[in-house]
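Letters are used for the chains, namely A, B, C and D, taken in the order the chains are written, and counting of residues starts over at 1 for each.
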Amino acid sequence: MIGFFKSLAVTLQSMLRKPVTVQYPGEHLPMSPRYLGFPGLLWDDAVDEPACTGCLVCARYCPTDCITVSMKDNPLHKEGKSKRRKIVDDFQIRMERCILCGICVEVCNFEAIAMTDYHEEADISRGDLIATKEDLFRMGRDYQKRAGIVVGAGSGSEGEE
Amino acid sequence: MLPDADMERLLREIFAPFDAEFAYAVDEVTVTVPRERIAEACRVAKEHPRLRMDYLRCLAVTEYDDRYQVVYMLYSIALGHKAMLKADAPKDDPVIPSVVSVWSGADWHEREGAELFGVTFSGHPKLEHLLLFDEFDGKYPLRKDYPFEETSEWSAETHPQWETPGDGR
Amino acid sequence: MVAEADLQTVDMLLNMGPQHPSTHGVFRIVLTIDGERIVDAEPHIGYLHRGTEKLCERENYRQIITLFDRLDYVANFNNELVFVMAAEKLMGLEVPERAQFIRVILAELNRISSHMLFYGAFGTDIGVLATPFMYGFRERERIQQLFEAVTGARMMHSYFRVGGVADDLPDGFTAHTRALLDELKRGVQECDRLLTYNEIFLERTVNVGAITGEEAIDFGVSGPVLRASGVPMDVRVAEPYLVYDRFDYEIPLGKNGDCWDRFWVRIEEMRQSIAIVEQALAMMPEGPFQAPVAKFGFVRPPRGDTYARAENPRGDFGVYLVSQGENTPYRVKIRGPSFCNLMALKRMTVGHYIADAVVILGSLDIVLGEVDR
Amino acid sequence: MTWADVGWLVLSVGLFLGFISFVVLFLTYAERKFIGRIQQRLGPMRTGPFGLLQPVADAIKLLSKEDLVPGRADRFLFWIAPLIVFVPAIVIWVSIPFTRDIVIENLELGIFFVLAVMGLSIAGILMAGWSSFNKYAMLGAVRAAAQLISYELPLLVAVLGVVMIAGSLDLQVIVAEQNTVWYIVLQPVAFLLFFTAGLAEVGRTPFDIPMAESELIGGPFVEYSGMHWSMFFMAEYANTFAIAVLTTLLFLGGWRGPAPATGWGQDVMMAFWFLTKASAVILVIFWIRATIPRLRIDQLMSLAWKVLLPLAFANLVMTAFYLFYGWPDWSIVLLSLGLLMATVYGYYVRRRSRLPRPVTVKLRVRQGRIVG
């Protein structure tokens, strides 16, 4: 019987404590700066062009084959404004298949992709879950602004954020 | 826990009558035994007073170019020994004696090896499908000649054979 | 009067699962029952089979880490650890000490969070209306917030790398962890007091699903289930890995090997894990967190095979890795502790009641992702 | 019977039905909130202020759900079973007085009527389990039948003690007789028995074995959905409330407050005290539900037949002696407490013999080596 009443005492005690619930859509838990949200593409503000050259390395190393990339000649390179010979033409990520592992960010040679903190990208049809280039730049540039990431002008350097 | 060299000496001594070969898998000794005698060798390993390998850590089947290899990772809880036993089966006759009678824990490992590699463990009480569904017959997915399917979303059109039969009730 | 023997009775087949609230996923067990008593039990697995071992033969060593996250999806760090240990063993790689301490801390915290999940699920199995579940998840949430601060993900971390870890610990990690440990101590204490010596809980678990040490070893049972039967086998001591040989802790052992012992062993293990994390925090050296290996962890271990194992929350998790010197493994065999523990289920359930089957299954604490792979 | 009488009857029955439905809806809300707080959650918060409209939302959801009937079910029985469970749960309220005056039809055999009608629901549950064509439902129904019949006996015998002291089966009289001292003092054993057996009677934790969500996934109700399911649900809550109300009436002095109610507001005060006491009992039921694990069916049966029933009879005999020889009040209180302590002691003796306190060891590990 002692254990029985001990259990009742435990539940009574915890009833008197403050609830731990966070009412999600209204309030959010603080997110870690390292949070792995959906990947987004970054923008080179110095040249005003994408940092991505469409080199396909992320698509090759993606464990779930969720990235589709194509590249084209960079018109700005001909004008001499940019050091990037090639530039991304089309970029798609199938969000329903992405496992947010961050390998694409690790392998990228141009700091062109980053794990943003976007995480509420649910949708009602599979087609809507394919993030187009525009979506990716929208997420990436917004994140870039908030996190203060500056992509070096066509540097192609390998730096970890 | 014996240093590996001593362990090898001990194993050489015990498995001398088994026509065995000895090698190293990084930090443990492997003993390759002819496949007909593997069940016997396992029993010796389990019951020999200087080995007492009563704990089957793992049982793995591996396909090499010319053979299937079954690996028995053994461990002695009382003495702290570890060793691997290995047995090869040729590709045209992949049969290996079962060791379920030695360790009950070999049961599902062997069933798994049988359905994924097509290696028959003779003497196993119930060599049925374990992980795959019953209709998955005649193909052995972990063999190297089983292709990786192109990734495609599942739908009734792409995989009509996987439609489950039902009476619509 | 008709004697019972004259009545024509038949045993009933009761199909439990794969859609059943207490099968912890998509496990199915076909029970043959005589009234309420179980005469025979036939487990069926494979509903979550994703072909991880086959996938491992296609992906490279960095990508496989993401696959291992998804095996035992409540003990992700521990799984990753075993795979990277296997690769490191083949390569003969010396991991920097700081990385080893980071791994120990994260793995032990993951053990606590996994046992907390067990605690919650077990309480629900035994019939308390979700209160242990909520308590367990309250503690789990705290641990996951720490994980998020370290790795950026709450569950699928892919944080360990061959040769170290992906990134150094964030600022303030030590303070955060110490605060967390204090909260966890209170939480474990509360969980303990809620159930462990409750009379009805004792009635439901003591002498239920008992298995002796010899039988458990015969079935290849490992982890808390084996230790509950009184067998002192803990991989952390049996085959020391990482820096586990520098800590002082205790290994709880049961005696009867029944559900209560398994429960108690896990509760105590949480306390011991807290002790280990405390010591590791105090002893953690500065230094590099990653050994110099191929870029991005795309390693090519030399030809050979090896077997690495570690003490997962559920038991002895092993990886048999065969490499042919390529950037993908030649063969990966995963030995899930739940897989082996589940083999003993039939032995444990026969002769008990239906209600006990649920409790016994809960006390094994299986994770189907690892059983079916 | 005049038309006015019929009109009054219809009106009062309608009022009571409405009141009971309201109470049931509110109970579901209260339970979720209370258990939520116990689990350090908030409970329903989305529908209306503090989630107050949650029961309404639930009702709308249940009403708009499809009423599924399994293909091979016995359709007629399947359809009628919820009614057979639901009707007794409502009918008992006819003779349960809320205050001295608020009662539809006070019966001289009040408590007898209530307990007899409550027992009827077993038939409905059995029918539900049988007709569902589902093994889980059948198992649940058989469990329910075994459990409910076993617990009728200690329940009735426990009530007998109270009835003997009060000298009447009339609930009004029983409450009036608790004028000086509540029966929980004179009959603590009967109180505990009634409460325990009552929990089992309505299938609340730790006696929710027929429903057993983690084993039988809802037992007899597993195949029900929509409106039919909600009838079972309402019956369960109505019965829970009934047990709380009966406990109040039989043991906690009914509508008696600290001061005798007089004047024009007396009915309101009585109803207030009555509902307060009943709510307290309900909260204890919820509290137990959120804390205690479920018993197993064999343990449940042995508890009923080996512990509760002998205790109930012992209490009966004790009460008979007390009444027959006219012993002072404190003697029966002491005797009851002695009986309870003997039971608890007996439990520990049994546990020592049957359930050895689990022996466990810890191995100390120092620097990676086991040292003892």
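Just so we're on the same page, a residue touches a chain if its C-beta (ideal position, glycine included) is under 8 Å from a C-beta of that chain, and two chains touch if they have at least 3 such contacts.
Quick caveat, the model's predicted, so the values are computed rather than measured.
Enquirer: Taking contacts as defined above, which has more of them, A-D or A-C?
Expert: A-C
Enquirer: Which chain lies at the heart of the structure, taking centres as C-alpha averages?
Expert: Central chain is C.
Enquirer: Using CA atom averages as chain centres, what separation in Å is found between subunit B and subunit D?
Expert: So the centroids are 57 Å from each other.
Enquirer: So, what's the distance in Å between the C-alpha centres of subunit B and subunit A?
Expert: About 42 Å separates the centre of subunit A from that of subunit B.
Enquirer: Rounded to the nearest whole Å, what is the centre-to-centre distance of subunit A and subunit C, using the mean of the C-alpha atoms as each centre?
Expert: So the centroids are 30 Å from each other.
Enquirer: Counting only residues that touch at least 2 other chains, which ones in subunit C make the list?
Expert: Subunit C, residues with two or more chain partners: 131, 135, 138, 194-195, 198-202, 232.
Enquirer: Give the residues of subunit D that touch two or more other chains, as numbers and ranges in rising order.
Expert: In subunit D, the residues touching two or more other chains are 38-41, 290-292, 347.
Enquirer: Can you pull out the residues of subunit A that are in contact with at least two other chains?
Expert: Answer for subunit A, listing residues that touch two or more other chains: 1, 4, 7, 10-11, 14, 20.
Enquirer: Could you pull out which subunit D residues touch subunit C in their complex?
Expert: Per the stated touch rule, the residues are 35, 38-41, 135-136, 139, 143, 205-206, 208-209, 212-217, 289-299, 347, 351, 355-356, 358-370.
Enquirer: Which residues of subunit D touch subunit A in the complex?
Expert: Touching subunit A: residues 34, 36-42, 45, 287-288, 290-292, 344, 347 of subunit D.
Enquirer: Along subunit C, where are the residues that touch subunit D in the complex?
Expert: Interface residues on the subunit C side: 12, 14-15, 20-22, 36, 123-131, 134-135, 138, 194-195, 198-204, 206-207, 230, 232, 234, 236-237, 240, 244-256, 258, 260-261, 264-265, 268, 353-358.
Enquirer: Which residues, counting only subunit B, touch subunit C once they are in their complex?
Expert: Contacts found on subunit B: 25-28, 54-58, 60-63, 71, 73, 75, 77, 80, 82, 84, 103-108, 116, 129-133, 141-142, 146, 148.
Enquirer: Report the residues of subunit C in contact with subunit B in the complex, numbered from low to high.
Expert: Residues 45-46, 49, 51, 53-54, 58, 89-90, 92, 217-221, 231-233, 238-239, 304-307, 309, 316, 318, 320, 322, 330-331, 333, 335, 339-340, 342-343, 372-373.
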